[in-house]
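First chain A sits with chain B, and in the next complex the same chain sits with chain C.
And now, the complex of A and B:
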């Protein structure tokens, strides 16, 4: 046996696993999405009917819009909260506070997102902490926040603020302080220092975080399912309904591939933007 | 003579440590001032106080007779060339250089004109559209200087600007800095720990140690007759002897040292306890058999070839705990182990008062 063959053999278990549990199911899903479900069997002719169906029925288009809208709102709110947080952490916090801040940002990653969602459900329910607190200060009746789109957004934002803070923080701490000194020395006030130095140099972290937030929001099923109350369905919920209620695997596959195409497109655009911003 | 830069009674403490103690310094407008000292001597802190990045606890910072203390860096008539250059990586060379002009509200046409002018001055006219990571170390250094010069500061501050360059490039950049300074007529305040760089650049050399100014003056004066023991040993190689003045006369002073009496021409300071210093290049090997009065007799310990001369380390029995340095431009220097005698003119020596040091 030649010496060069061994490394290839070592790759075998991992590749086999990857092919068996990722490539094959994916291929099956793609293949299936071009056939129509007829009773308990697939139709005999390949067709685009599932896709045409998706892009013509308001039910699906509404779900697509709900998903995109959710992604944008969650990303927008998370960014608005995360950027100032990361900024303060990297420029105005001592090393100790930075460590504590990063620890706090990491905490949500260590809990199961199912558990996290149910915790928010409890907190936002009629007798939950949030409603009670809002009631007691007479702020606004927060009764009934659970099982609404707002609850989904709160659940998402909680998690993604932490994620975005981490990616933005990692960009901000890498900006040499001498750049800021140099800009001030050349006559720049704080607004100019921020818009011309800090913001452009933090863009790679911002774009990476925004991309992750958007794509993960789009692909998440658990949070809207547990917190959203099933009134305004997003794509992932529609996919699940196709599988669980209709048993229509080809349609579920087609919707899934549309979702995947959007995620891949967003990722590619973000990657290009990052390499452009970090040049 | 207008005072380009005037510092008076600058004090700075950080926690328990005195970083700067009683700094007084006046430099003529348009002069090249070099702060020379080891790390921890307070020279960078002093630069930051002039720039406005740090505030002095006490004292006066005046530029062209105007008190700038308390002003933030952006309102001071200074510009800084940072040790790491701090060039903005997301901007072109031209945008970097034009940054200060833009911050001062100049229009694009005028900005472009001045940027082109200053880039030509530093020999980088064709590099305007380059990105920073496409430049070599020397080019970056010139962009940093151009970016600071273009805003026409009254004082240009340079924080170890050549520290990142290799030796030959460093010597070249020294010449270029010197030429730029003369051309622009700007007061330069340059911080370095390289004494050769300091001597070759400075009109006014300021030797700092432990937060104090040890000596300030033209480099040749500091080299030939330093004001303190630290200045004598930090700026160039030197031989130092402790001694006591035994007689003072118009024609010269006689000092009793470990090597016996030494006759010295320079003026004697107050007090009897002094240091006598003599540069290795002012010591001569006595011709064998010469009956002339010797400064020292001893054994050659080590001979080092240094290009234009040989450096000899000599030890004498009279003061065995001291090594003396002698330069010899003789192409056949004595071998290690040889017994030699060394002479010196009375004018070769300089005297430093042995104060509290």
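And now, the complex of A and C:
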């Protein structure tokens, strides 16, 4: 065998895994979404019925809106908290504190996603530590936040603030300090330095983080299922209802493809925005 | 003293690496094929090793249990498998007929199993038999009724389901989010029996559910409503019963359950053997063990969830305390006042799903 073929062969395991466990299942899901479930078997005629069903039923559209709304709210709140945190770490912390800060940001990634959500559920319940602490200091009465949309937002924000902080921090630390000093030497105040140097140069990190946060929030099932209380379903919960309760995989596939289309669109828009911001 | 020369990086030898990888993979495959194993697909109560440990020892076999959390998931497991992958299935009694009609189940020899010892009320011939042949045997049952915290709720007040609509229970109720049982229980609140539900009376049932939702703190699956009840977030679970609270009796004795005056739904699972099983004798022995008094006593107290054993003869092997948690003495009355899950026609099922989805998003 010629030596030149070995690099190609090295690619084979990864490519085979990718095709077997991503491309083929995705193709199967797309194919299946054009059929209808009839008992334990698939119907024989290809149809757009699942898609028509999705766009004609208010509860599916409501779930879509709930998902988009949740994505926007979580992304907005996370950004408001993460940017100042990354800014302080980047510009006002010593190297040691930066390392500690990054370590703290990575802590949530070390815990199981499900365990973290259940921990929040316990903390936010009527007898949980958050409600009890708030009650004991007389800040507000011990109302159980568990099983509410607010609880879902808290669970998401806790995770995504850390993710966003890391992406924004990576952009901020790369900004040459000489630009800032030059601007200050020329008489620019902090607002001017921030709006004309720091913010524009940190935009690629902000956009990447915002895109990740929005898309991951949109596709998450565990957090809303455990913390949300089920009174306002998001799209991923509706997909799971189709799978678990109905065994209606074609309908679940169709809904999932709508979700994927939105995620792909957001990713493309973000990529274009990052290219523009990096110029 | 000799100099230590720096270690040279060793060239990776792809062919050798490939051979080693294949040898390791081959060992794993051969090792896997050598062990005698019985593959079971079932609700999670079968997953407790304590329930089948004596069977494993007696037959020198390893029992592998794949659990599912909804019939839909079971369908996906079956669709993705080939004949011979599974030996045993445990499924809602009402769904046995679907598997039998799809040619997936082996007929069971009635004389080989203790059918006379099983509560006669839980047999469902229309769902467990096809063309005179039996494909499933009921093994465990329980109810979708009301689970509640006895410290905070008076049982006498909530034994009438309509009491749950009282504003005093606002934000104190969790609704188990299985549309099928929730809608049928709401029908009972309107004096409509499960088999009388139709498109005409569905709006009335939906209206009742809407009022119930106004008082509910949450809708959730089993872990969610169980956690909410255990943490004190809610005091009542609509649709809950022994499967939710009996297993927590040691740590949360205040959590209990009742079957309301209007009655409730009765869940029950049946066991069957896959037609494609390559070890039917062993599978048959497993069914015999599961239905034996000892198997049933263990199975009734599975760590995943408790339920009444189908075999009455399990009684002497179950402690009085455990019987109290299962409300053993009440069973004759409960069986009389409860309605087993029944198959609904696809159109009605679709309507029920839509009614439920609209309710949750309303």
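Note that in this section the second predicted complex is superposed on the first by the 272 of 279 C-alpha atoms of A that agree within 3 Å, B and C clash if a C-alpha of one lies under 4 Å from a C-alpha of the other, contacts with A are read in each partner's own complex, and residues count from 1 in each chain.
One rule holds in what follows: a contact is a pair of C-beta atoms (placed from the backbone, for glycine too) under 8 Å apart; a residue touches a chain by one contact, two chains touch by 3 or more.
Note that the structure is predicted; figures quoted are calculated from it, not measured.
Placing chain B and chain C on a common chain A by superposition gives a fit, with no clash between them.
Contact with chain C, but none with chain B, is seen for A:127 once the two complexes are overlaid on the shared chain. Once the two complexes are overlaid on the shared chain, A:7 sits clear of chain B and of chain C alike. Once chain A of one complex is fitted onto chain A of the other, the partner contacts of A:201 are limited to chain B, with no touch recorded for chain C. By the touch criterion defined above, A:178 reaches chain B but does not reach chain C. Using the contact criterion defined above for the overlaid structures, shared-chain residue A:191 touches neither chain B nor chain C, since it reaches no partner. Which of chain B and chain C touches more residues of chain A is settled by the count: it is C. With chain A used for the fit, chain A forms the apex of an angle whose arms reach the C-alpha centres of chain B and chain C; rounded to a multiple of 10, it measures 150°. After superposing the two complexes on their shared chain, the closest approach between C-alpha atoms of chain B and chain C is 38 Å. Of all residues in chain A, those touching chain B in their complex are 176, 178-179, 181-189, 192, 196-197, 200-201, 277, 279. Within the complex formed with chain A, the residues of chain B that make contact are 51, 53, 72-74, 78-80, 82-84, 86, 88-90, 99-100, 103-104, 131, 147-148, 151.
Chain C meets chain A in the complex at residues 14, 69-76, 78-79, 98-99, 102, 174, 177-180, 213, 216-221, 224, 227-228, 231-233, 346, 353-354, 357-358, 360-361.
Of all the residues in chain A, the ones that touch chain C in their complex are 6, 9-10, 39-41, 57-60, 62-63, 66, 118, 121-122, 125-128, 144, 146-147, 225-226, 229-233, 238, 241-249.
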